[in-house]
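Next up: some structures, all given as structure tokens.
Look at the two complexes coming up: chain A is in both, with chain B in one and chain C in the other.
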Partner chain A sequence: MTVRWRVAARVAPAAAVTVFMVGGLVVPLGLVLVELTAEPDRFGAVVRDSLSAAGRSVLLAVVVAAIALPPAVVVARSLSRARPAVRVVGILLSLLPLLLNLLVVILAWLVVLEREGLVAVAWSALALPGDPPGILYTRSAAVLAMVYVVMPVMALILLDSFHRIDPRMREAARMLGARPLTSLVRVELGFVAPALVTAFVMGYVICLNLYLVPEFLTGPDLTTLGLLVQQDVIETFDLRQASSRALMLFVMAALPVCGALAVDRGVRQR
Partner chain B sequence: MAGDTGTGHVLRLDRVSLQRGGTEVLREVSLEVYPGERLGVVGPSGAGKTTLLRLLAGLERPAEGVVEPAVVPGERAAGGVRVGMVFQDLGLFPHMRVRSNVAFPLLVRGVPREERRRRAVEALAQAGIGGYADRFPGSLSGGERQRVAIVRTLLSEPSVVLLDEPFASLDPHLIGRFAEWLEDIRARSKVGMVMVTHDVGLVMRWADRLAVLVDGAVVQLGRPADLYAQPRTAFVATFLGGANLLGAVVAGNAGPGTVTCTVPELPGRTVRASVAADVPAGASCRLVIRPEHLTVGAEDEPGGLPCEVTAVEFAGRSADLSVVTATGLRLRAGAGSADLARRAGDRVSLRWPPAHAHAVAA
Partner chain C sequence: MSRSDVWRGRLSAAALALCLLFLATPLVLVVWIGLSDAPTITLRAGGPTTRSVEAFLGDPEWADATRRSLLMAAVVAVLAVAVGALAAHANVRQGGHLSVLAAGLMILPAVVPTVFYALGLVLLADRTQAGALSLVVLGQTVLAAPFAFLVMRIGLRALRPELIESARLLGARWHTVLLRVVAPPLVPYAAVSAAIAASQSLAEPVLAIFLVNDATATLPQRSFQGLRFTFDPLIMTAAALIVLVTAAVAGPALVLVHRRGRRTAPPADPADPGPAVPGPADPGPAVSGPVVPGPAAATPAETAS
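So, the complex of A and B:
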């Protein structure tokens, strides 16, 4: 094989992947920008109109990621310390919510939370006082279902970092007089802090785009930016407006990702 | 004094045994650690050295026997005893700067932030590693990390520090300097130290007492010089340094602690040897004679053992002469500078002072 062919054999796969990945980002982003530059004033108006939805989206995503983080830590830490066979089973169970279609997951939550649903049945069976909490079609329902979806992703992101904790670090902390909570917070969570940031940001980014969950479980009370984009594309066919809002979503997602990458870079330079 | 149980020792193991996975890792181990002493623990791989340290640290519980006082990791036990441990892989916290690592024992005791910082920087400066304070452990060399781990442990104010293979991650040419630093730190802190190491030569120079651990049992414990001169077993003799082992039979008693032996490969000769315990006449034993105690002389020297040189091995500070007797007994002798000129095939004679032959069980 000549040198030219050897170089081509190496470059071609990389070039194909690069074109695929960059094309997947550049083309839609380019379309968005083309649409926006046609009517720049309209972009400003759309942004102003969408600010409250954007704020709600960010708040919802932050709340969900924050609620999902502690259980994700517990799951990841437990799996990292489990025997290999148990860990594999645990990872498979964690992946279940991701393996199911999102609409099926939403339907399941409807079954669980509806007035005659599983929560209500269990409430009656246990003869608990009062009525079961009616959280369906409230913001709590959306938060609950979104936590269910993003928590496993966050746990899997954290798992590798917890797995890399040297057991000697825990023992050293113990020998130096640290109580279990101090050891957990200062040593373990300190060690996995960059992964915590990454997991939080990933949870946040996924939530930004989970517009179906609030639509089905909360109703019109919780209109998110993602939902408005969907309405622009499917209901009103206003691609320019959809593009403006999509760009807002992109910026809202990209900024924290850049922050997480900066944190990761700082850690790697140690 | 904090760290003294009032019975002289800081820590005591009394007939301690420990099983792991059905295997006996430690067998009826008894030893004491005294305040401020340097106790070395040596033994082959898998002898249970690290497990012994973990037991002293309170990280393992014995199946049988007594650990006194009952040590809880990180807490003061009865008599104010606190045990510190530096693990072989150190257990430094890679996400914390050196200063924060060193200040960690102060943090967990609730020492205010400014005081923590001041004391950590002071401790690092006193240990000669003040320049590392703002670095992360990952940017330090093995020796530097080792020093940080020791300084951190000392800030937990232990009565005794357990060191697991502290020289393992060091380049050979740095070990001597590190040992000097460690001794300097120990002398200033006046803390007792128990060191597990494979570096027998170094620990013999460093330790006040030495324990030899084989298959989970302490086979000998005492001053390094005593163990070297009067090993209890052939294994201890060879483990602690070069030794000629001669199969022998006890011929009789020659006074307190002394026997006469016959060596089949040295016909017509009777060898006087020291012995640790009474051995009946007729019992088989092995004679230990250190190479450096064999003096090489001219072939016709009266009373000398005639031999032929088979090899001269030069190893820097020391050299060995390998010789063989007419009966085929192979011996190694410490070579002086004059002996380095000898060649294989040269005829020489060997002599040794009676005090330097020691009989051990066969």
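So, the complex of A and C:
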């Protein structure tokens, strides 16, 4: 090969990927911003109108990520110490909600929570007093289903960090007289703290994408910003309003990610 | 080991079992009800029968949507593996600003809300008159490529450079090196990437809802429209088939990588168990910050310990 060919072969993969991602991702995102510039005065009004939906979306995402974090820690910590075969099963199960159609997740929770669903059957099988709790079409239903989606993802993010904990650190803590809870909190969770931040942020970002879950499991009580964008596009065909709301959603997702990056960088520098 | 250690171990195992049960139970129920011939969502449905699957495949609209989705999933899988492999190659084997830019662009879809991106594709369709299904394929490839990138990056990192060097020293030409030395060990990783990309394509409803009309509906879009306006029992059958197809495609691929990792990885140093999941703590040389977690969970280094 000539030198020119070698240089071309060296640069070609990165150049091809850059061209593909710019054309396939950056250009469409740029078009949303261009659409906003056509009617800049309207942006403020749309933002004001959408603030309550945005607040709901953020609150829902934060609550779901916060609820999902403790079980994610349990799963990651247990899998990191489990036998390889158990770990593979756990990882496969953790990946399933990520790979599965959101429809499957919604239907699965309909099956669990509906009037003749798993909760109702278990309630009567255990001969518990009164009627089973009506969770379906309340906010709890959406929260449960969203925890179901994000918890395994958060566990997979944490698994790497738990796996890196040197067993001698736990042993040293025990020999120095640390109680198990102290060792867990100060040694293990202290070690994985940056990953905890990342897992929480990723859980939050994924929740912002799950706007179809509250639509089907809760109803109009929990209209999120993502659903409003969808309604703008496929029902009212108001693409400018959709662009303003989509930009709000992007900012809501990007700000915590930037924060997590700053934390990560700070930890690395220290 | 003290008695309290034993109890703590049991408690930890019970908590893990409970969490895994939480993940598995809803899926088992979907398959159970989806393959029964119950007209509504009920646990009192009879056991699985083939009648529901026959009805599903016999319905021309569902069958069309399924065929279309499977075709699109195949195209997305091929494209995502190609893009992911090129990006991983640039990231692992090359340096320079362009590689860093390519890796950064690969991670970008993880933080962009899908509705924002779907709206961008709607605007692109509006301005270029591009076909809706082509744009859905493009969008799904962009969304699946980061996963392929992460998996292929692990495969490329596991590739021993001395093998390539030896082949070159023995006089092999570049295409022989590529086909005989580089490609074979990467096949399982490509299979996993393809399986995950195909699963994602079958799972992704938002792009299709935004871009595609009822005449060219995909399986997820048709299912959601059916759930929104009326309850068609075949939606449950579609969901059950999606669970089974995803498990059949992605499961063996991940187990293959797991086994290969156990066979090829060097003995693990107990003090350094190695990365289990490519995550924020192991972002690689050119990618930093939160990255999408992925199937890379079943990595050779992780499974070796």
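FYI, the second predicted complex is superposed on the first by the 265 of 270 C-alpha atoms of A that agree within 3 Å, B and C clash if a C-alpha of one lies under 4 Å from a C-alpha of the other, contacts with A are read in each partner's own complex, and residues count from 1 in each chain.
Note that a contact is a pair of C-beta atoms (placed from the backbone, for glycine too) under 8 Å apart; a residue touches a chain by one contact, two chains touch by 3 or more.
All values reported here derive from a predicted model rather than from experimental measurement.
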Clash-or-fit label for the pair chain B, chain C on chain A: fit
Which of chain B and chain C A:G177 touches, first, second, both or neither: first
First (chain B), second (chain C), both or neither touched by A:V17: second
Which of chain B and chain C A:D166 touches, first, second, both or neither: both
Touched partner set for A:L110, first chain B, second chain C, both or neither: second
Which superposed partner A:S78 touches (first chain B, second chain C, both, neither): second
Chain A residues touched - chain C or chain B, whichever exceeds: C
CA minimum distance (chain B, chain C), superposed complexes, angstrom: 7
Chain B and chain C footprints on chain A, overlapping residues: 166, 168
Interfacial residue positions of chain A with respect to chain B in the complex: 166, 168-169, 171-179, 182, 186-187, 190-191, 193, 267, 270
Contacting residues of chain A [partner chain C, same complex]: 1, 10-11, 13-18, 20-22, 24-32, 34-35, 71, 74-75, 77-82, 84, 86-112, 114, 116-118, 121, 148, 151-153, 155-164, 166-168, 180, 194-195, 198, 201-202, 205, 208-209, 211-212, 216, 226, 229-230, 233-234, 239, 242-243, 246-247, 249-250, 253-254, 257, 260-261, 264-265
Chain A-touching residues of chain C, taken from the complex the two chains share: 4, 8, 12-13, 15-16, 19-20, 22-27, 29-30, 33-34, 41-44, 83, 86-87, 89-90, 94, 96, 98-99, 101-102, 105-106, 108-124, 126-127, 138-139, 141-142, 145, 174, 196, 199-200, 202-203, 205-206, 209-210, 220, 223-224, 227-228, 235-236, 238-239, 242-243, 246-247, 250-251, 254-255, 258, 262, 270-282, 288-290, 292-295, 297-298, 302-303, 305
Contact footprint of chain A on chain B as seen in their complex: 57, 59, 73-75, 83-85, 87, 89-96, 104-105, 107-109, 136, 138-139, 152-153, 156
